[in-house]
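Below are two complexes that have subunit A in common, paired first with subunit B and then with subunit C.
Up next is the complex of A and B:
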């Protein structure tokens, strides 16, 4: 009787040990893959764009974005444009400003609210993305975006950048170069700008350059009246 | 030829009509295949006009599918015998148009092959996701309702079933209106008047479709529609048309009052080229004024005035939706209020849109599907209204 009990105890011990050995590395990898949720939640990636330094007619940020993300650079009505230069002119005063415009990575993104499948989503660090495997191509997010930030892939694609998967029949927009950020880099547009117009960083880190500058200069969010709290701010508007 | 009798001719005509509708559906399937292979580049849609002709057809069919059930509701919920005998036909038309509309909506997706994703991944904050539930639920509710009407033993359940359908279709049309109401930044949309507006236009368009089908069935079978029933249904349609015109007028008048909206209104109502033309001539004149004259002027009695008025109302409906959906997107987003704007992405410009053949075929395919379901249903099952004997 006691022999049988011992055998059972040993079996349970061995089984529990084997289970731990099997599961533990998986758990560890899961943690590595997902990062530490607490620290990620504290980060809010954002940009501060100094419109006074932005040169009208300069397209370096757009060219860099197209190259980084494998976009054709075409500007027909059906070509995707993740970032574009907008020239604006105050109707009453005549003051002219040039600025880059892209996904504003809202805290309360309407595209995420309206997406039927949850393909549009916001990461814990504030970056708004489209999951290309879930997007069914309904384009409701394009209707909902107040910034016209999103494009639909109207044609078959070739020669894609492996870091930036895209797909015909799905919607896409600026990813803030998430593949670079996750490796400690900067968005391609910010890096390419000779005048350092685009300042990228963690808005939630009080010691970061962007946070210090946002505290010290006047900056605005576009369509701030909509209360979407975009992560991209503009200086000199 | 002389040996053919009228019923035989009708039978042949039926198959000719089936073949014609089938051919349209086949053409639509070919269009969808081309869109799948080549992408939406072969449509007129682009990054500014993201919803085009397919949505005009789909939304018309879905709205009319909800509105046609008024006939059932008045019959089964409010106990009007003249409508009760027509309730099964209304139910069939509703299912047919819903199927047609959803087919178009689904096949216009960038990735129609992923429709299962829409069924398995549900974002509770998305009214689109809710509509998927509402549309499938509508099929179920109307099917059960038809069953209670057509199966004698279930007849006592027809009133509760009709009540469920009654509530469901209000929620469904509200959901369809809310798709546009929830668009915060677009001048044409983002207003709470849209759900009630959609409900009221659904009444008018649904009843118009019903009148056309009813007139065709009576003509086909050589029957005459009872004068009393005709008068009641005609007047009801008149009231619905006036009510929908009122809602559309209110929508534009409130917009005109807001300084920030006047530019949009002057685009849609005056300066926007095809859009004001379709609005004033297509919707207001042909889709409302003329039908109202046909409905209410007894002097016009010698025409087939009700089917003609109904066809005009349907035409007006398509015009209104074209102006609302495509014109609404053509007007640029006001990203920088107070500034004039230009860019390579057509910021600040009126969007261009030229509907292409494949997308029109897809839309017509939805109408073809609705026609096939209705025509086969009416021929195979007992959907022809039979007047109750007068007391």
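Up next is the complex of A and C:
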């Protein structure tokens, strides 16, 4: 009995293998998951944030973001926040640093990996977005994000900015003000910062201001150990 | 002959009633910028879905078929909206056809120029 079963199993294995190879030349029935080909874009939008120039207590970038994207500005657990100001302190030396924290627009975004509907995606130019037409509000991406950058819209909204559609039941995060970038503009936070802390530009263009600065000064990516290659870099951390 | 007359008597009021209950639509500025009215009535949703995917995923912000551009012309001249009233441009037809309209749970139904004016500060 067991002998027959063994043969049957072997036969099935071989048949499956043959089917996998012979669907058509160059085409397999099953394919191994591989990286997203979108990462080979020509432009890679990024930010370089100079924490030394960032004033503790200043909230201008957050205010500008809230106004641009129609966020309430509340900071409770159910209020969407796209950018937050964070004050950190090195306990041994007592050195304090203030910095803005938002979606880091990773090259290998975990939020995209876990999204069951393909709503979470990365654009060719490196901006990580949520397609709210596809988002079912499951919030896997919020759990996957190591930067806690994403928010869920809990309440019904009205009178949204015509450029920034937002609605209840979907997840959202910093879009790098994609509607401005597509028109050749700058993100609202970068524009609002009086000290020019946030430098926005194309990391892939060797002549851009940001690429030159990234080449010449020491900058770090937060949680670089995760090898997500964020598009937002910090200076003076 | 009597039967024909009876049928006529029955049909005329129904046709008249159907005619009078057609939606009265506030078309705003109106005009024909994409295709003719009948074509648009039947197919506008396909244009919008195509445009939305192009815009969200590829950043193609081509103006002609964009929802914002539709609203710019078709919003009421009275309240700058395509959804504010029973006879607003989108609502009137969708109500008549009993098709749920959920674009505006996220998208603004207001003319952008009017929104900007209101939020200029």
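Please note the rule applied: the second predicted complex is superposed on the first by the 197 of 237 C-alpha atoms of A that agree within 3 Å, B and C clash if a C-alpha of one lies under 4 Å from a C-alpha of the other, contacts with A are read in each partner's own complex, and residues count from 1 in each chain.
Note that in this section a residue touches a chain if its C-beta (ideal position, glycine included) is under 8 Å from a C-beta of that chain, and two chains touch if they have at least 3 such contacts.
Because the structure is predicted, anything quoted here is derived from the model rather than measured.
By the touch criterion stated above, A:129 is placed in contact with subunit C alone, subunit B being left untouched.
When the two complexes are overlaid on their common chain A, residue A:182 makes contact with subunit C while staying clear of subunit B.
Of the two partners subunit B and subunit C, it is B that touches the larger number of subunit A residues.
By the document's definition of touching, of the two partners only subunit B reaches A:138; subunit C does not. By the touch criterion defined above, A:88 lies against subunit B but remains apart from subunit C after alignment on the C-alpha atoms of chain A.
Once chain A of one complex is fitted onto chain A of the other, the partner contacts of A:160 are limited to subunit C, with no touch recorded for subunit B. In the superposition on chain A, A:195 makes contact with neither subunit B nor subunit C.
By the document's definition of touching, of the two partners only subunit B reaches A:223; subunit C does not.
Looking at the shared chain after the overlay, A:168 reaches both subunit B and subunit C. Within subunit A, the residues touching subunit B in one complex and subunit C in the other are 156, 167-168, 170.
Within the complex, the subunit A residues that touch subunit B are 75-81, 84-92, 101, 110, 112-119, 134-140, 142-148, 150-156, 167-171, 222-223, 226. By the touch criterion stated above, subunit B contacts subunit A in their complex at residues 38-41, 45-48, 50-51, 109-112, 114-115, 117-118, 121-123, 125-129, 132, 179, 182-186, 189, 329, 333, 335-347, 351-352. On subunit A, the positions that touch subunit C within their shared complex are 121, 123-125, 129, 131-133, 156-157, 159-163, 165-168, 170, 178-179, 181-183.
If you check the complex, the residues on subunit C that touch subunit A are 52, 56-59, 61, 68, 71, 105-108, 110, 112, 115, 119.
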